């Protein structure tokens, strides 16, 4: 079965081609079915491979397809690698991908770009699978950029809207900044190890043939790539804007899969980070900063998807914090659980938006509990999971991360803990404002409120189950239970730090985390449920600090002022002044100088014989004089 | 003292003086007819030089051709065109100054290049007979036969040209 | 002999086309150029199976007393350039089907004549022959631009002509200088490529520097790289679309090709001394042109500047002069050739359908013609070097090559990846996305010929992005030989 | 040698035609005569002058050795083309026979200049060539421009002759002979120990020759004379006369004063540089095509001088030979077209060519070839000519001149292309074709094809003298 | 007396003096050409220049005892005559047209 790994990306590709070429001629049902079932097929194959891999002793299988790029000793085969990490990601991608496809059949039913949507979505899955399946960095880069493209296409799916298009463009460009770092990292890897295939690179790196500085450089360059794709400071600003895309897109790409590519990449390259303290510390600090920063912004957002988006950024920051602390399997664990509950939350939000007729402002919602029971129930599970309440999945993964961070650095642990507190607070804030209290929308909306169709609710339910139970993958070892995921990934982790925490400390930490979450939830309950305090309806009503945070600390404005505007100014200056006036001016000036000179010399030809003869004699004298004396 | 210097030398100085003076007068006299006459004088002075240089035949030819033919032609044209009055407007002073300057420089450079002429050895023994008609004839019709013949083309060309130009255009 | 045919056939074709009248001209030109493509396929086949075959070489005496021979030959690099030429010319001809040109026979005849010169440049093995073809390529394109160009064409094409001619005259001086130093021991001077290589290596640093700059300037102007580029945007804008395609798609490659084959291996010492300066010019040009492209409103001008940026990257890759840089350059030359033809065709289509090329007054075409939007997008992705398009393979190798030369240089050169995305996506958004405007409402369907060209271009973009191996295989030995030569 | 006799005989025959009333026959006779002269010319090819002597040697006054024959060949061939082009001129002029005679005498002088071996023959050759030319330049008697041209040419020409003679006298004084091969031997033997006035003499002759080939700063006469003279005569001057002047220049300085190269080279290099700059730059500002061609001829002169400057002995001859031929046929094409156009449009400005691309496509194409050739664009003859000069000069220390030549060539392209742009880019009020008679058309096409042919296969001419 | 005259001047006068004299005459001629506007006088000045050359040639001829120099002078005379003939013909033609022989009036062809 592993030999047939090519099938996994092939199915979505076929789906993409069918929908892309003849999707318009197909009915929506057929088109949706092709899209969904191609993913399902992939999922099935992935599952089989996963099982086979678990059963076999050899944990890493390379499947060569063809030689892609070859230039001297730079050999880049198009080959796939099946190992625990990629197999796990395959499952997440195809599994959640399938659910979201199914969900989309319902969600996008009224949209005229229905088949186009599935085309893009299938293409996305194809690239995402390439990303995780590739056996070398360049294949990963192919998927990396490919998913960026799909993200671009899907964010700007409703292409008539200029704001959406801008968001899409922003996402692509910012990702490209990261991609450049990634690309340079790959090139550095190549020139350091003369290969870019994972196995060989890691083996060579482990022997320590590369200088420490080089390793750090590689790690940092790769991390730049990760920062772009996984929306870390300073390249995170595209992700909240990316909510312009249809909600299933937000769920699949901007929450569950694509944005975790950075984590995948670092886990893949964990050896570099283990070898370089500078790099891993950078990762941890950036992760922690992002986590806290995004969480604070999430506190005051009023758009349901924006709340979730900042929460995503924040959670991703948490994962990077884990990576920086060397807790690679914990990060992957959190990727998985986050995929479950964040996809769930987004889809739930989608269901809400669907019911509200497109309304996304939580200030205009409220009391949706009754009208949307399934949505309410499943979202409740998601919210609890993300807040870190046991025994839901988020609790285990987050706790594992925090414990590891505590080992490494107390300050970062503190930041991580504060972030979880804030997370619990704003998630419940959103939850209460959406489902409880009074309905604050228009009459018309109230009239139309309805639970979503089966195609949407079934995926919600499935995801809710996963979000609730996903924790079993990584039960804490100090409970005496088996941490499956840590074991599962251990062949990939080159340098492991044995845990030094005592069980007592771990219990205390866990207790603290749960208590903190509970306090947050209670506060949220108090404010938004019990006292029914609404966020300010208008910006003018907000306090100065709140408004500043509401405007995301004006980071976009800052970037605009520091990067975009100067770039445009430089462009204009280069063009209007430097190019047209100076460079071209010199060229044209030469021509004009010739003309001017020409008019001048022309005057010498006076027509007067006396002058001609005089000039001739002068010439003779000059030549005789210079040549003879 | 005086006798130590051969008469030839006196003659040379005298003729040179005349030639140069008349030459200058050609340039500076206002009336074209005067110029012609001065030029004739110059030619005579030069003819004198020829004789001093033992080129007697040439001296005679010189007088005949230049003073006798060419200068007469000049005079003829001057009379024909009725130019025998000094009506010539002056060149602008700048150009005149430049002309004098250029002329002076030319002279300077030419004389400057005389340096080293002393090294040139005179042909010994000196043959005083080269300028005699017999000698010249031999050279002209032996060595210089081709130029001699071909100069007929030159004269023919000049003749045809002068006639063609001189003819009144038939309209 | 096959190579000889490659040169002669377009000449015959050009004469035949000159003799036709009216619309038959373009059909004849198309058929003949396709035949030429088939010939080049034969050459490719021969080369693949028997690279040393006699059919691929031609070595006739021409001006024997001056050591000038009519010598042509094929190596991997020139083969690809020839393939590019023969592949693009039919496309260019096909793309003109919707444009009504008067005197079509002259128009197409000149295109075919140009093809001859271009092929000649790429396969010449003799310095003099190379120069002749080099100059010869200039004349048809000058007339194409002058006779069928747009506004202010007299001045602009003239500037183009003088500028490039001046460059090539300097090249002639450099080549003649080299020629004078050939034949060391035997004293028999020769223009043969290998003799020039040998002659170049024996020169002193001072002499090599002279040769380097005199020849480099010619190539730099042709490509063009900063600061020799100012003829280019105006010319691209003014020239008829087919002229622009020839200029940017193929003719530009003469410069980069020349750099690879006719300059770098000749002057190793000068390269060590001046390579940095040239590299800085190229790299600065990338950023400079990209920035300027951002400020452009006229779509054709935007592509023109983007082309300067791309070619700056190619030049930088060549100047790095290592396996990856050179191979990347060759592949990117192909990629750029195909992409830019696509882009200029798109500009032409836009202009034909809406009457404007100002991207601000366009918009929403995707609503009207989604198919065009998709084709456009693919071409655009190729030009921003998305993986699995032809642009990526080249760009990756190029940046690798430059990286070997200098990490920071590569980082700066790599900025083109980002800036390219900025201006390309901005133009795409302004032209295709958003609400329909009055100018674009009546956009309508694409003409069959346009669609065919775009589809072929897109297919090529994807095909060579996914499977560039044949290109790599062909270039690798040639590049290795060049690098060997330098040692 | 026989060619010289035939041509001079033809001249005399033409004179007689007036008297014996066979005016009508003169034109065909001349053409036949030229062909005969051309043919006869080459029977003397590779004649071994050291062996027996079927021709009188004239005391080494004149020697039709291979270079001389080659240049004579060029002159005769171009003269043939010129006569075809000028047929219209000979039809209209009243004094046909005189014109024929004068032209043929000039031709005689030109042929002499290719072969002289002695200062006397040099001097006579120059004068035989020049004096009828003065007349021809002034031959449009009621046209003030023509008068002025003739007069300017005459005055300046005689003035230059004065310098030439003074130079000859000085050289004679220093070496005691007029024979250029003996002079050469003497100079070589002296190793620079000759009196300075000898070198002054050489320089004065250099100046005089530069005057004849119109190199700056002795070029002032050329544009005025070229413009004022009848177009046909201008064509004659800029092709045949120029070729002859170069043949003479080359013979004198390569074979005569070659050993004193170090004394005159610096001066010549300055003259070349000045010519390049002044001619090209001034030409760029011209509005009259004819005058532009005059300036362009100065720049071509500068190019040919480069080969002389290189002083490669025999090796310098083929480049000049090739250049003169390439330049001459290019000029003949251009002048033939210009002549017809200025006759039909009434002026010779650039605007006269407006719209010619549409009006007379064939003629316009030929003009393009001529302009490309003059501008030195491959694969025309003009390119190869320039290239050949480049290679010759590249072996010397005067490489800086090449850079200057390249830069000024670019300027040169500007004014040649002004014609092309006018033909194809500018539109004319008139749309009907300019009348070209069939002989002119045929001539123009043949010379254009020849331009391309010898540009592509220059072997014949350059290998001629090996 | 006879004895003195028979002694060629070249034997007592250094050749330098002749060159100097010729140069001076030549320069005077050249000066005249530059200095005057009257075309006829300009012609005469040119004749003066040619005569300077003649004198020089004859001097050198004697100096070298070589007749060729003197023969050369004949040719110069012939040419001078021819030149003058043609020149004066052109001059009269011009005079016929403009009623002047002022060369500064001939300035239509310029630039």
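A, B, C, D and E label the chains in the order they appear, each numbered from 1.
In this section, a contact is a pair of C-beta atoms (placed from the backbone, for glycine too) under 8 Å apart; a residue touches a chain by one contact, two chains touch by 3 or more.
These numbers were taken from a predicted model, which means no experiment stands behind them.
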Point to revise | Touch-network distance, subunit A to subunit D, counted in steps | key: 1
**Study point:** Pair joined by the larger number of C-beta contacts - A-B, C-D
**Key:** C-D
Check your understanding: Which chain's mean C-alpha position is nearest the mean C-alpha position of the whole protein set?
Key -> C
Point to revise | Centre-of-Cα separation between subunit E and subunit A, whole angstrom | key: 98
Review point. What whole-Å value do you get for the distance between subunit C and subunit E if each is reduced to the mean of its CA atoms?
Key: 66
Point to revise | Inter-centroid spacing, subunit E versus subunit D (mean Cα positions, whole Å) | key: 28
Study note, to complete from the structure: The distance between the C-alpha centres of subunit B and subunit E, rounded to whole Å, is 4
Study note, to complete from the structure: Touching at least 2 other chains, the residues of subunit D are 120, 124, 127, 131, 134-135, 138, 141-142, 152, 155, 159, 173, 176, 196-197, 199-200, 223-224, 285, 414
Practice item. Specify, in ascending order, the residues of subunit B that touch 2 or more different other chains. Key: 91, 95, 98-99, 102-103, 106, 109-110, 112-114, 117, 120, 123, 143-144, 147, 151, 154, 157-158, 161-163, 165
Practice item. Scan subunit A for residues touching two or more other chains and write them down. Key: 602, 605, 607, 609-611, 613-614, 617-618, 620, 624, 628
Point to revise | Interchain contacts, given as pairs of chains that touch | key: A-B, A-C, A-D, A-E, B-D, B-E, C-D, D-E
Point to revise | Residue numbers on subunit A that touch subunit D, as the complex places them | key: 594-595, 597-599, 601-602, 604-605, 607, 609, 611-613, 615-616, 618-620, 623-624, 626-628
**Study point:** subunit D residues touching subunit B - in the complex, by the definition given at the top
**Key:** 8, 11-12, 15, 56, 58-59, 61-62, 94-95, 98-99, 101-102, 105-106, 108-109, 112, 118, 120-121, 124, 127-128, 131-132, 134-135, 138-139, 141-142, 173-174, 176, 193-197, 199-200
Revision key, fill the gap. In the complex, subunit A touches subunit E at residues 602-603, 605-610, 613-614, 617
Practice item. Can you check the complex and tell me which residues of subunit C touch subunit D? Key: 62-66, 128, 131-132, 135-136, 138-139, 143, 146-147, 153-154, 158, 161-162, 165-166, 169-170, 172-173, 176-177, 179-180
Study note, to complete from the structure: Residue set of subunit C touching subunit A in the complex reads 159, 163, 226-227, 229-231, 288, 291-296, 323-324, 327-328, 364, 366-367, 381, 386-388, 392-393, 396-397, 399-400, 403-404, 407, 410-411, 414-415, 417-418, 421-422, 425-426, 429, 432-435, 467-469, 472-473, 476, 480
